[in-house]
Structures are given as C-alpha cells and as structure tokens.
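Here chain A shows up in two complexes: once beside chain B, once beside chain C.
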Partner chain A sequence: MSVVSNKFQTSLGKDDFFTADVKVPKGIWTLVGEYTCPAQQEIAVGVTEIINGGATGMASYVRLDDTSGSQLKSNCRIRIKVVDANDQGQVVVEFSAAQWSASATPSRTASLLLHEDSRRVQEDSKIQIWIYATEDAGGIDIDDLVNDQAVIDYSDSDTDINLPITRYTVTR
Partner chain B sequence: MSLIPKIKMGEFSLVDTAIITASKIIVEKALAPVIGNGTVVSGVAKGALALGIGSLSKGTKYPKMIATGIAVDATEDILRGVNPFGLFGGATTESADSGVMRI
Partner chain C sequence: MKSNRAKYNRNYGASPFFQKTNSTTINALQSWILNFSDTASARKYLPFNLLLVTNASNYVLRVYINQGTRYLLVPANSTKTFDSTSVPAFFSARIYNTSSTNAISADLISIEAQREQYGTSNVIDSIHKILRGV
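Entry: the complex of A and B
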C-alpha cells in the first residue's frame, strides 16, 4: 500500500517533454514528447486551487510553432495521455485544440484551466503529449512543407508548454 | 429442518446468529447516512440504541438478538474509530483517495 507523504503543486515545461525539434506528419497522431514519473512519486495532470472559496483548475499553456514561424493551432488537436511504463495501458486525460491559450502566458481568463485529474501516473509511467495536424494546420499548409510535415521548432522561444501537475511523494 | 435451530455455534443457534447478523447489516446500512459508520460517534450512537432495545426487550429472545447485532456493530465502529495500534487497517491517505486510478 502506498502512503502519500507530501503533495506539491507545480508544472511541467517544454524541456520536460522534448529537447529537440519534432516532426509532425499530417493526418497522424504524433508523439510530441513524454515525461516519466520519477521514483517514489505519483503525478496527476492538473492542479485544483481554492480561489475565493471556490475550487478551480490552474491555468495551462501550450503553444507549438513550426520551423517556418507559424503556429500549429486551429486545425490541430492535442491529447494529454497517461501511459504505463510498458505501453500496455493508457488514458487520454485531456483533449483540446493545439492553441490552448489566447494569451502569451498562462492566464486565468484566457487559458484552459486544468483541475487535478483523478488518474495518476506512478513510478516509470509517463505523461505524453500527442498532436494531430490536418493538412491546413491553422495558417500552415502542411502540403506545402518539405515531406508534407510540420516541424515543431524546439528552439523557437514562442514554442512553450506549461502543464500544471500535482506531484505526490509516496512511500510503499 | 427442525434440526437447524438446534445447531449451536458457540453460544447461539444458527437462527440466532442469522438474526444477529441481519440486524447488524441492516442497521449499519440504515443508519450510515444519519450517524455515519466506522467512527467513535456512530459507535456510541449505535451502542445507545442497542442498550435501549436491550432494556425494552425485557428478556424476550428476538429483540435481544437484534440488540446484540447492533451492539456488535457499535463496538466495531468504536474499535475502527479508535483503531488501537492500527490493528484494524485503514486510517491512511489511501482510503481518502479511493477514487484515484493509478497508471
């Protein structure tokens, strides 16, 4: 039996998921990146905060730019999955348009507010971000790109992820 | 069939234990929304109920059986509520987040 010893409300950034450019072919669900749960921890996507007496989710932010400088947005879809270490079991915990936030940074009024999800990854299980791009990925015509694929530009400072998570330290 | 009431398990006959058990289960479920379950408070309330029924029964058999069932549940609640030395498990955060699915 695992016993929770501490609970931290924090977030994952783009460096936690990927550290190089990611190729995104059109019409295929593509893994953007994954974060592996460290030893003796459990992680749930999202953070539930109490603000003015009401429980609310924490603001998240995902923006993925192509190497051409355009943003992968309106015709793209993003899934956040929790997946076990052996890729045997997975659950989609969030599904959204690729541009989560209308503002430049996580904003309570413009961002997708993520409550703490009831599904937690354990040690060695993974939180994954997947993207699906259609031919016309919101301003980018993927057919016009080299090899019919967009390339998420890791080094572009506009490309950013801020995924709130609730991290538990556990003992067994 | 006439044998069954004569079979004794410890102090009580099979029929008696059935009544005791039924009264425990039914009362536990019926009172849970009102006074809760598994806590010292619910145990004390059930204990008082068992005392009341027991004293009103004036020695008649079946009310005594019913009171016994409630008393068993009352002591169970108190023991689980106090949980001496963690003997009865539970009382960890594990039970608090039973709705959590781990992947």
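Entry: the complex of A and C
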C-alpha cells in the first residue's frame, strides 16, 4: 500500500527522453525516447490547474526538427504511452499530430492543454514518446524504410519538448 | 447434448506465428525497425513472448527489444530462440547491423514471433497486470 507524501507539478524536457539524434523511418511507429519513473515516485502525464475558478490542462510543447532544419509537421503523429518495466502493459495517454503548438513556446492559447491523466506510472515504469512519420512530412524526404531515414536532430535548438507531469512522492 | 466445440480457444491458446523479413538492404551500422503493432492480424495477440530470430548474414545482429536500450545478440549465420524468460513482452524491435563496413542483403534476416499458450505463469501475469495497472 503506497501512501502519497507529496504532490507537485513539473515537466519533462527533451533531455529526459533522448540525448542523441533519433532515426525515424517512414510509415512505422518508432520510439523517440523514454523516461523511467524514479523509485518511490508516481507520475501522471499532464497537469490540471485551477485558473479563474475553472479546471484546465497545462500547456505542452513538442517540436522535432530533422537534420536539415525542417520541422516534423501535422502529417506525422505522436503517441505518449505509459508502459510498465517489462513492456507488458501499454496505455496510450495522448495521441496527436506531431506539431503540438502553433507558437514558438508553450502557450495557453496555441498549445495542446494536457489535463492530469488518471493513470499513474509507478517506479521503474516508463513514459514513452512514439512517432509515426509519413513521406514528405514537412520537408522530410524519407525514401527508404531502412537506410534513408529522417533524423530528429537532438542538437538543433528548435527541437524541444515540454511535457507537463504531476509527480507524486510515495512511501510504500 | 455433448459439446463438439474444439478444444482450441483462440483467446488462450498459442497464437499463430507471425513473420517479418528485411525487404531491403541494411547498410553498415544502420537499423531496420519492425513493429507488429502495425500488423492488423497480429495486434490482438500482442504482446508476444516467443521470438525466433534467424540471421543468415555474415554479421552479428543486435535485436533491441521494443526499440528500447536492451538488446539481444544474434551471432552470424545462426538461429536463436528467445522465450518469456528473456523477452517477457515483445511488440517491436530495432535490428542493428554491427558490421562497420558491410551491408546485409535483403531477405537474410527473419523474425518470427508468437504468443505462447496460456499457462499458470501467463494467467498470473495477466491478473497481476489488471491489479497493478502500469
């Protein structure tokens, strides 16, 4: 039986998910990166805030640029999954176009607002980002399923992720 | 009236084998990604827990399970079987050609996967999964 001792709101950035370039082939769901829940914590994707008396989600931001500087656009799709340590249980908690925000930064009016999801990741379980890239997506020329893949450019300063999460510290 | 229903139950019996082979060349130090989640007929049996990897090439392969960081090595010109002790749940893989100079030709790598018949351990796994969530 776990007891929640504290709850706070924070976010995951691109460094939490990947620290090097990621190759993305055409037309297949590909793992971009994953974040493993630390010991004695539980994490829910999304944050629910009360603003002006109404419950609303926190703004999220995902932008993935390839090595030619082109942004993966709306004809690519992204899934946020919560997965247990051995991959036996997988739940998609968010499914959206790859272009999450019409603005350059997380914006309450232009970004996807993520409410706190009811399913919490427990220690050693993972939050994963998956992408399905299609041909000619936003200037990406993906001709070959194997060798001529789009490369998500980690070092490109435009490539950025801001995934709001609600983190619980627990004692067991 | 005695039931003549077949003993086989597609929900709990072993699934058919599903196979994927590399349809194109895998260049040196490059990867081939395969995903059984994209195969409609296989999707209802996922996750698989029995994996047969045939490597007819002259180069060692790394099989990254579910495209993660853990990988299984498959030596050149060999066939390896992995069961649920080493692959508890298998949806997809990244097959990495470890040769720094040579490509692997098409149709030299085969992945066959199956969900094994339900036994005591599978049932406990399933119940446990329902109870614990993720």
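The rule we apply is simple: the second predicted complex is superposed on the first by the 169 of 172 C-alpha atoms of A that agree within 3 Å, B and C clash if a C-alpha of one lies under 4 Å from a C-alpha of the other, contacts with A are read in each partner's own complex, and residues count from 1 in each chain.
Going forward, a residue touches a chain if its C-beta (ideal position, glycine included) is under 8 Å from a C-beta of that chain, and two chains touch if they have at least 3 such contacts.
If you're wondering where the values come from, they're calculated on a predicted model, not measured in any experiment.
Engineer: Once chain A of both complexes is superposed, is A:E42 in touch with chain B (first), chain C (second), both, or neither?
Structural biologist: The answer is first: A:E42 touches chain B but not chain C.
Engineer: Could you tell me if A:A20 is touching chain B, chain C, both of them or neither one (first, second, both, neither)?
Structural biologist: A:A20: touches no partner chain.
Engineer: When the two structures are overlaid on chain A, which partner does A:D84 contact: first (chain B), second (chain C), both, or neither?
Structural biologist: A:D84 contacts both chain B and chain C.
Engineer: Report for A:I28: first if it touches chain B alone, second if chain C alone, otherwise both or neither.
Structural biologist: It touches chain C, and chain B stays clear.
Engineer: Identify which of chain B and chain C touches the larger number of residues of chain A.
Structural biologist: Touching more residues of chain A than the other partner does is C.
Engineer: Quick check for you: in the superposed arrangement, does A:V4 touch first (chain B), second (chain C), both or neither?
Structural biologist: first
Engineer: Touching chain B in one complex and chain C in the other: list those residues of chain A.
Structural biologist: The overlap between the chain B and chain C interfaces on chain A comprises residues 82-84, 89-91, 119-122, 125.
Engineer: Across the complex, what residues on chain B touch chain A?
Structural biologist: For this pair, the touching residues of chain B are 92-94, 97, 99-103.
Engineer: Where on chain A is chain B touching in the complex?
Structural biologist: Of all residues in chain A, those touching chain B are 1-4, 42, 44, 82-84, 89-91, 118-122, 125.
Engineer: Considering only the defined contacts, which chain C positions touch chain A in the complex?
Structural biologist: 22-27, 30-35, 37-38, 47, 65-68, 88-92, 125, 129, 132-134
Engineer: For the complex, give me every residue of chain A touching chain C.
Structural biologist: Residues of chain A touching chain C: 23, 25, 28-31, 34, 82-84, 86-91, 119-122, 125, 144-147.
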